[in-house]
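Contents: one structure, followed by commentary.
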């Protein structure tokens, strides 16, 4: 069926900064390159600064601008609310949207606390009975190489998993004069590197293995404890203002853990890995093979097949751009790689498909809650001198 | 100035297949992420199959569909004609568009023969007097790492260039049962790997060095001389039909050459490099440093700075995603890589900017002619047993 | 001074298996390629199996064979005792050698327990008063890239260190039918992956940073708990015999820790990293730069210099084969890489030089004791559910 | 059979510089790590400077020093003459050695001219009737990864070969003040980069493919035409003296060619590839797979198996250190890499084995002659403006 004959789904997005632009691009491309069961209509963008939101609206084709997020939710032509605001606002907006009978896509991490996340997961579960769908935006799952890794594991190609190693390395805070933006304030961001990027690698390792992280021993650190206050903000960059303030979140978190299947794990999330811009490195060693991934080479998956004779065995550099690979057929010919933003299109397509086919999208708010519990365990362990801290496991899902 | 206040430029695009989709995405994103002096309006898409063109129109927001390319050119609201059709139609369309006073963007290679290319370059030069601009679509120039390489060379960072090595390696014809599509027919495609991908690396090496290829000794080969006739075509893939036909183009071309500045060069363009999907590898060795690039890792440029002390010298893997790098600031934060398609946006932006600022865009039709002459020299050399064949140099440009 | 005019030092080596061959090659090459202050004379090799030891003697030029290690120590022409036997014999032999006034080189780990290591370190300290030198064989320190990394850190090139990540990954136990050799028996080997390879990365990270590991939270695991008994042994490989036995050591150990300077660290030592044969990966992120190393590419050091402008910054792949690099001038021209065994020559040269110049070689038995304490802390932490376990710091050395 | 019971072969080596040291190490290690049918005895080293030769003798265990190479050949206890001198002396020495009934190992290239090489090949063929063996020292064939590549090709794993690309890149002449050593003088060295390193990649590509290079179109260049005269020489390095002289050899040679099986080839040999120290890169694309090698990562072979399904296909990074790989079992456990020098041991072992088993070693003097003819064709082509120049094919061998 040609895409223009699909029923539409009205999208209302709240937030218009970095994530707002990425989501806009995702929604717009969804029905340009794919044929999801529902065709997204970019109905309204919400933001307190109407002029700024309006500029993004014009650039990406949002039809309306709302400066009050409650008004956006209230619109009849909005069927789905996409939450791209800082973490301290997620719970309130999501609960209101679900209460209003709107599907919800919420950026990660789901919330700033376990309590908020729990309330959201419960609300989502209730709404589910009425066919209302909700999903958390762990976009990196939608990188084709990651989705392919998930498939290899599910197909048993690496066997029983013994080792998980995961690193999310950035370096944008190495400069001690980098200003104290909202991402460095606990009341806005919940936590620092842990919730911002650590949450991603917890999700990715759970997604790829199909297992849960069961417990951790963790260390966190704030290397630079005081920073200049921020001035004007330009995207992720901000100018420096007069005065200095306390950094109230972690700069880095490292932890060891165990997965429910018995695998040993090491995790590292940091904004102080000098020279590593956005390096997400994952490796899984199993009884029959291994998988490795680095987001700096995002179109590639390394696969070691233990069934290969020793003289020919090695890590195979699979360029994940074949039409048979997840998501790829919709785009360009083999070898014509995708970039960071394409994950947002895949996310939009997966969500539109799930809603259109009346299925639950993944990751659910319950999954988001489980990750929030893992983040909480990391903080608890770190606060108690790296003591072992089990992670409350989710009840078996429906 | 916010982008929506910019004057607009009406775009009419002919062709709606692989290149048509890439160009559509380029035009659409141009004013979403950048602020070019002119804002492109996607006025009309042209294609003989109106239904197919219409589907692309709806997917990407083209306002009108024209099944006759002459009608598209004739539209008053079309200011620029973007030619995305096979090479045998380039000359006729481009000449008509220029005659109608429209700016022209023409996919590479400029034409199928030197004669056609010469006529086009002359027409472009005449139109130039009336402020009509024309450009050839050597998109890979717009990959940030390549544009950064050009800058390093221009800044003298690698000194006098001694070696150029360039490879464009694909493998989509290794299977002898892959069908005889138009790209394998001389009357449609002009040549095979040579014109399709060899043209790119000739352009890229000339662009990065700022020099011209002066002469070549070349070998070409058609490894599989007969193939099944094609059936239905799906993007770059085609089904197989009954009967077989002769492959009338080269499968591979290899040549040595000299640049005007004295550098020795090796070139390889092939569709038979098993395992290499779309590998464009460039290396430049100079008296003061070296540069290396591989499109399989397209966000990276390798730079060897000869001024570094020996104990610390080496190829530096520059991840070309900093806001200071060409084109990058408009997109995502450092480390969030771009993909294949982004070059088409950069191309659109560069062209819109040049027209808006009343400057000549690059590469010009004259540049396209020069490359056609190089392709012709390669074929002449190959036909005469790899004899040395000089390339006619362009007259000094205006 | 030509090497043959140097005074000699009589070497007596105990053990003739894998390590015995590596040390033999090291001693032999020391005065072929270098000019250490003392010229080693390969006086005697000791082993209970006289025939097997004799074969190694003939292959590498050892002049005598002793089947009783006490007799070897007692020889007047033996000035230095090189201990290449399993860990459960280190203490007894080393104490006897020191008591006999012989210099000692002892393979790592220094001993199987802290108690033994303490006794050895105390004996070494006493012997030191009489000019008797002792050293532990942490050979990987002598890889030129590692020694160069140490120099960069010492020169302040990466500033204050924030992150240490270290992995020693092997996979030779993935097959559950691989036999129960002595390395899998606690009474012989002390521990498993932890002491065998974990000891190396603790030493390497302490060596490169110049700091001590201060505490850990650790998990260890034995994935395959029962294995076939071993039959005949061929080097590192053994045949399988009838019956099965319990594996009494760890297969893998993972831990987080802190260094004395405040850096956060993750460590992983495993024999179950399918596809990783002998991969030692180290990364150090500092306030001014970063360093990365992988033994699979052992002639290379990756260096990120934070002082480089952003557009040109990146990890530089330094091929550590320049004459200005540590140890390299003695060998081959630039680009002609060294292999695993060369570290043993460098170790021999460093030790001969220290003895000849009447200086203390490094790492000392006290350093070996510190590592033993770190290994002990890892086991203690793992046994108490990954609880944080501080590592007793060495008293300030002389 | 233990190595010491093997019959011995008396080795006399002429030359004691870089190659002399590498060969010494090769002979010495041959019976330490392997069990060749004959055990080499390091009988005599020859060199005009008796003191310098004596120093090398003492370092590596040569029993005698001869300052007249004719005297060395004349010694009864010398069974094999190993020629490590500059190319202009190869023919005279080799002819004399063969005439004296001695086996000969001659460093590459076999000679400085086709005429010399022809005389040598004929003499070798005559001597062969008397059981006298001769071999040329193309050592890189003995790198395990290369030998493994040869095996994969021979086993049909990459099918019919379509593309050969070979580069030998060095940069030691980039500095125009680097002195005019013998390697830059045509009368001593025969040619420049072409004979010194181009000869290696011609040999390697012929060895791996099992085919011959049939013809070439070539360009050569001398970028720096005048250099300071050399002063004292230290290994490969020399001081600068007063005065300047003409460089009479090529700095770089690039050529395209065809192999006898139809493959297209590109070759590049240069001493001006800034930043590339000793980079030998080979790639072979065949109808069923591909192979790639880079000497900067010499323990690794990249293998693309076309039989693998597209979703899992890619270049596999085979770490060629398994006991099943060529030469490897004699050395260290898997993952403990070899270095540059080990090829010389493998060469010695292969030669000793062939002589001991009364077989012809490879590459023969006839193979050396074939390469000399290829070098000559390159020079002929370059001198005639890159005209196509066929290479005289060897008569079918015995």
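So that you can tell them apart, the chains are marked A, B, C and D in the order they are listed, and the count of residues begins at 1 in each.
Here is the rule we use: contacts are C-beta pairs under 8 Å (C-beta built on N, C-alpha and C of every residue); 3 or more make two chains touch, one makes a residue touch a chain.
Since the model is a prediction, treat every value here as computed from it, not as a measurement.
**Student:** Tell me which chain's centre, taken as the mean of its C-alpha atoms, is farthest from chain B.
**Tutor:** C
**Student:** Using CA atom averages as chain centres, what separation in Å is found between chain B and chain C?
**Tutor:** For chain B versus chain C, the centre distance works out to 54 Å.
**Student:** Please tell me the distance, in whole Å, between the geometric centres of chain B and chain D computed from their C-alpha atoms.
**Tutor:** Comparing mean C-alpha positions, chain D is 42 Å from chain B.
**Student:** Any idea how many Å lie between the Cα centroids of chain A and chain B?
**Tutor:** From the centre of chain A to the centre of chain B is 35 Å.
**Student:** Mind pulling the residue numbers of chain A that touch at least two other chains?
**Tutor:** 276, 300, 313-315, 319
**Student:** For this assembly, give the contact graph shape among line, ring, star, complete and other.
**Tutor:** Shape of the chain contacts: complete, all pairs touching.
**Student:** Inside the complex, what are the residues of chain A that reach chain B?
**Tutor:** Where chain A meets chain B, its residues are 2-4, 18, 22, 24-25, 31-33, 55, 58-61, 170, 172, 235-237, 276-279, 295-300, 319, 321, 323, 331-342.
**Student:** Would you tell me which residues of chain C are touching chain A in their complex?
**Tutor:** Per the stated touch rule, the residues are 158, 162-163, 165, 167, 169, 171, 174, 215, 217-219, 221, 223, 252, 254-258, 262, 264-266, 268, 270, 272-276, 285-290, 304, 306, 313-315, 385-388.
**Student:** For chain A, which residues are in contact with chain D within the complex?
**Tutor:** Those residues of chain A that touch chain D are 148, 300, 303, 305, 308, 310-319, 322, 324-325.
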